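Next come two complexes, and both contain subunit A; in the first it sits with subunit B, in the second with subunit C.
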Partner chain A sequence: MGTSILWFSAFLCVLIFSFSLQRKSHNLAKNLIYANLGTLFIGALYLGYQFLSDNFSFVYIFQNSNVLLPTFYKVSAFWAAHEGSFFLMIILLSSCAVINNIAMKESRYLSLSNSVIAFILFFYLIFLALTSNPFMIFEAAPLNGSDLNPLLQDPLLVIHPPMLFAGYVFYAITFSFVIAGMFTDFDKELFSIIKIWAGISWFTLSLGILLGSMWAYYELGWGGYWFWDPVENVALMPWLAGTAFTHSLIFSKNKVLLSWMVFLGILTFLLSILGSFIVRSGILNSVHSFASDPSRGVFLLSLFALFSLVSLGAFFFRSNFLHSGWPKFMSKNYLLVLNNIILMTILTIVFLGTLYPIYYEVIYSEKFSVGPKYFSELITPAVFALIILFTLEQFPKILSMDKLKASLILIAATAIIFIINYFNMGLLLSGIFLATLILKFILDLLNNESVRLHKLFGHLAVVLLTFSVLLNHEFSKNIDFKIKPNDKVEFMGTSLIFKSVDVVPNKNFDSVVGTFEVEDKGRNFNIISEKRVYKVGSVITSETGIAPYITKDYLLVLGDRYKDGSWSVRYSIKYGIMMIWMSSCLLLLSILYGTIRRYDY
Partner chain B sequence: MITRAFLAIFLFLLIGLLGFFAISLQNDDMQPIKTQEGKPLILDRELYTIEGMKVDKESLFSGKIILNVYASYCLPCVIEHPFLMEIADSKNVKIVGLSHKDQIVETKKYLEKYGNPYDFSILDLDGSLSLKLGVIGPPETFLIINGEIVAHRIGVIDIDIWNDRFEKYF
Partner chain C sequence: MIRKNRLNKILIITSLLISIALILYSILRALETNIDLYLTPTQIESGEYNTDNNFKLGGMVKEDSLRQSESMEIEFTVTDFSKEVEVVYVGILPNLFKENSGVVASGYLDKENNVFIANEILAKHDETYMPIKIEVED
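Let's look at the complex of A and B:
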């Protein structure tokens, strides 16, 4: 039944695509879009019901659920693996189309956008039905499922994938409008539609990445928040392109570099598909490899090729109709162009670093991996260049000086970047920039000048984030040691006592709970670290014990037990983690406010 | 003009990239898992069967032995089970089971339900023996001749894989 729902929906997409292109049948196409969402929704309910009723004759449910699994995770297991999450993405995309059709009753871009979305949906559905069908059924039904991957049994991970997918989906919507604009005309109305969708996608994608990063920190127990893992990188690439895209939309007022904006709109969408290709094809080894399958890779690669060639081909032939001008030297728009160039540079660095292993393997038939050092050393100066740019932008007087002086300032800024890089003074410098921006903000408030809150706080958040990341990088330390219950260890001015270790049974796992007491300059608290043994398949996971404070986090990971009753323990002190989360949240709020504010116009 | 020139270069690079991906996907040995073929069998501690009997380790080091790693929670094991029964009937070879991280009761139920092709089944409750053998997860099948692993299949074994990699030793 499920599979036929998918095929029926694909058939509806063909109809929507063709009807949307004919003026006479626009209304019919609209109704079909509603019908399509309804169809997919029935399919989702059907699958969801099978999950709740433990019907393990479905391969997908067998692989991702279990009788013992708590109901909450039975629901979230829906999108725990490739099939379900792709299905969810399709449902999201078609709901966005419905939202568009409700919100914009009469818009000349709507039908073109609808047909683009139907085009994308059609291929996604075919892909789902042929290579990753969540409705596939066993001939003989097993009695119990093989359980949801224990690492995924975490509230953060329940919302992380849908957020990320939602970000990707929303960029497909901006893409559809950019394409629509290319074949009609970019006017104020279209720009405001694109701005809102771009803002929403930017927000969701950022939130998805942040949640993933938090999950890595709290659940994986690696003690880090970003690893330059290929899968993280492929989520970062559309984010970078999206950031550049959102900024380039500011040009729209006087249509400066219109074709560049169109290009970014297309690029962002293509990078999100490239992302799913890299994650799902298993072409690169990563923590996320559990989702890989080469046969899907071929299909996704073809999809990527199809979408990119069609959209870029269309762009190529329409490019002469897009009127674009160049910005004036050292004007605000000029700084925005520089911003875009730097963001593209970072994107290129990430892109090359992520894909070089594939290239290397094809050429030399050997495995190769790019370490985090490559990324951090190349990207740090670029981030500082960005910070210098938007700090400079806060001082319009400098910009309005004559060209010679302005270029001197630019050169000086470049010199600063190199000095920072050479002397490793990033922390100090980001502190200075932070102070400058805050002071300028206060001065502006006192002088009753109008302040664009979303911009200012967004930029402040970026500086604060850079500051916290550098702080973390510079000062964090950890030690590994063997300890017996009631023993004491001294580390970085703190003392640690291993108080007790207990076994606690749970519904679908048993856990070994270690309690530690930490004392740091009068501050006294307990940290609990767990080791869980899941009942099905005996998978063992470590639950890191974390005591978070504003400036530093205390982390404890309980390791293995030795024969003499002692345990291996990793104890780390991480600086600035809380500040990283806070600045990211500030950034998210600024993005959200910057987007919502548009509804006033 | 600039836009078009830029786009042309971009498209060119993109096609190159697609080509690389396509070649890279052809490599079906993308994530090679190393089999234990050619390595000697090492058993450094006492082994017990699921019935609680001590295993005569010397018997595992002489002659042809098929060691099959299975578990009651493992669905692919059910798929390969009839083939193992067939081998037990048709070939003159000793088949030894290794119950991977499984409760004894469950293993016994499993063998009652699907039949028992094994001469005996070794108990490996915590998976440490499997770890030493280089097992990734059930089902896996080893062919051991005089203490040397000559063939190792990771995954379900069937007639095709048997003919391809195991038959030549019989």
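Let's look at the complex of A and C:
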């Protein structure tokens, strides 16, 4: 039944696509869009019901669920693996199409956008039905499932993947309107539609990335929040392109570099497909697993190639009609263009660092990885260039000087970046910029000048984030040692007492719970660190014990038990983690506020 | 006026091209210096690869080879089913680390004692974060 739902929905998409292109049948197309969402929704309810009733004759449910699994995770197991998350993405995409049709009844861009979305949906559905069907059934039903991956049994990871996918889906909607504009024309109405969708997509994708980062920090137990792992990088790439895209909307409003904005809109969408496909298809982690299931990988690559060809082809043929001007030297728009260039540079750095090893392995069948130093060394100066740009932008008087002086300032800024990079003074510099921006903000408030809150706080958040990341990088330390219960260890001016260790049974896992007491300059608190052994598959996970404070976090990971009753323990002090989360939240709030404010632009 | 505009455009485009070339050059140079080779025991023994600097050793943890001393030192053997390398590591092993499953150790080769001194151990996992079983090549 489920598979036929997918095929029926794909058939509806063909109808929507062709009806949307004909003026006479627009209304019919709209009704079919509602019907399509209804169809997919029935499919989702059907699959969800099978999860709740433990029907392990479905291959997907067998792989990702278990009788012992708590109900909450039975529901979230729906999107725990490739098939289900892709299905969820399709449902989201068609819901967005419905929202569009309800919210803007008479827009002349709507039908073009509808047909673009139907085009994308059609291929997604074909892909789902042919290579990753969540409704596939065993001939003989197993009695019990093989359990949801324990690492995924975490509330953060229940919302992180759908959030990321929602970000990708929203960028597809933004893309559909950019394409619509390319074939009609970009007027005020279309700009406000694109701005809202671009803002929503940007917000959702950022939130998705932040949640993933938090999950890595709390669940993986390495005390890190970003590893420059390929899986993370492919989510960062559309985010970078999307950031450039949102900024390019500001200058292209005056028809400055309009075709560049269109190009970025297309690029963001293409990168999001690359991301959403790569993460789950296993291309990145191992080329061998890619070869073991060639149908999925080949299908994905051809889909990516098809979307790229169609959208970039349309872009090159239509771009003559997009009248574009160049911005004036050192004007506000000029700085925005520079911002775009730097963001594109960062994107190129991430892109090459992520995909070059894969390319090399396929061609020369030799494996290597690109170290995190590659990313941090190249991206840090680029981020400082961005910070200097938007700080400069706060001082319009400097910018209105004559050309010679202005170019001298640009050259000086470049020199500063090279110097800090050489002497490792990033922390100091980001502190200075932070202070400058805050001072300027206070002065503007005192002088009753109008302040764009979302812009100012967004930029402040970026500087604060840079500051905290550098703080974390410079001062965080950890130590591995063996300790017996009731013993004491001194580290970085703090003392640690191993108070007790107990075994606690749970519904689907047993856990070893270690209790530690930390004393740091009169501050006294307990940290509980856990080690879980899951009953199905006997997989072991660590629940890192974390005591978070504004400037630093105290982390404890319980290791192994030795014969003499002692335990190996990793104790770390991490600086600035709370500040990283707080500045990211500030950034998110600024994006959200900016998006809402633009509504009546 | 038109001429001046055109001159401006040419200037902008050439400076853009030059900066793109510079950026690409520095990216590629950084790529070259930050590559961690990923070698199997057979590749190390063959002598065809540079093993003087840090690199990553990949393979399977040999069955019954894990020895945990009373200090935090851990020793085990990494095998690719034709050649083997001894690995020494001080610290806490990751949860996914198991005998008979994949492991990636980064560190350097101590050529005098012929052991690999690891400063980081990663248990290999696939995209579902489950330990990987390496397939034996014929």
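FYI, the second predicted complex is superposed on the first by the 587 of 601 C-alpha atoms of A that agree within 3 Å, B and C clash if a C-alpha of one lies under 4 Å from a C-alpha of the other, contacts with A are read in each partner's own complex, and residues count from 1 in each chain.
Convention: contacts are C-beta pairs under 8 Å (C-beta built on N, C-alpha and C of every residue); 3 or more make two chains touch, one makes a residue touch a chain.
All of these numbers come straight from a predicted model, not from anything done at the bench.
Novice: Of the partners subunit B and subunit C, which touch A:D480 in the superposed model: first, second, both, neither?
Specialist: second
Novice: Based on the superposed arrangement, let me know which partner A:L301 touches: subunit B (first), subunit C (second), both, or neither?
Specialist: In the superposition, A:L301 contacts subunit B only.
Novice: For A:F315, using the defined touch cut-off, is the partner it touches subunit B, subunit C, both, or neither? Pick first, second, both or neither.
Specialist: first
Novice: Would you check which partner chain A:V14 touches, where first means subunit B only, second means subunit C only, and both and neither mean what they say?
Specialist: It touches nothing on subunit B or subunit C.
Novice: Give one of first, second, both or neither to describe whether A:G371 is in contact with subunit B, with subunit C, with both, or with none.
Specialist: Only subunit C; A:G371 stays clear of subunit B.
Novice: Now for A:V503: first (subunit B), second (subunit C), both, or neither, which partner does it touch?
Specialist: Neither partner.
Novice: If you count the residues of subunit A that each partner touches, which comes out higher, subunit B or subunit C?
Specialist: C
Novice: Does the superposition put A:P142 against subunit B (first), subunit C (second), both, or neither?
Specialist: first
Novice: Output check: A:L151 vs subunit B and subunit C. Expected answer is one of first, second, both, neither. What do you get?
Specialist: Second partner only.
Novice: Quick check on my understanding: which residues of subunit A belong to both its subunit B contact set and its subunit C contact set?
Specialist: On subunit A, the residues that contact subunit B in one structure and subunit C in the other are 282, 285, 289.
Novice: Could you list, by residue number, the parts of subunit A that touch subunit C in their complex?
Specialist: Touching subunit C: residues 81, 149, 151-152, 221, 231, 279-280, 282, 284-286, 288-289, 326, 341, 345, 348-349, 352-353, 356, 366-371, 373-374, 377-378, 480-482, 531, 539-542, 557, 559-560, 562-564, 568-570 of subunit A.
Novice: Under the touch definition given earlier, write down the residues of subunit A that touch subunit B in their complex.
Specialist: So the residues of subunit A in touch with subunit B come to 62, 140, 142, 144, 146, 259, 263, 277, 281-283, 285, 289, 292, 294, 297-298, 301, 304-305, 308-309, 312-313, 315-316, 319-320, 322, 324, 355, 358-359, 361-362, 536-538.
Novice: Quick check on the complex: what are the subunit B residues that touch subunit A?
Specialist: It is residues 3-4, 7-8, 10-11, 14, 17-18, 20-25, 27-28, 30-31, 73, 75, 78, 101, 126-127 of subunit B that touch subunit A.
Novice: Across the complex, what residues on subunit C touch subunit A?
Specialist: So the residues of subunit C touching subunit A come out as 8-9, 12, 16, 19, 23-24, 26-28, 30-31, 33-38, 56, 58, 68, 70-72, 90-93, 95-96, 126-130, 132, 135.
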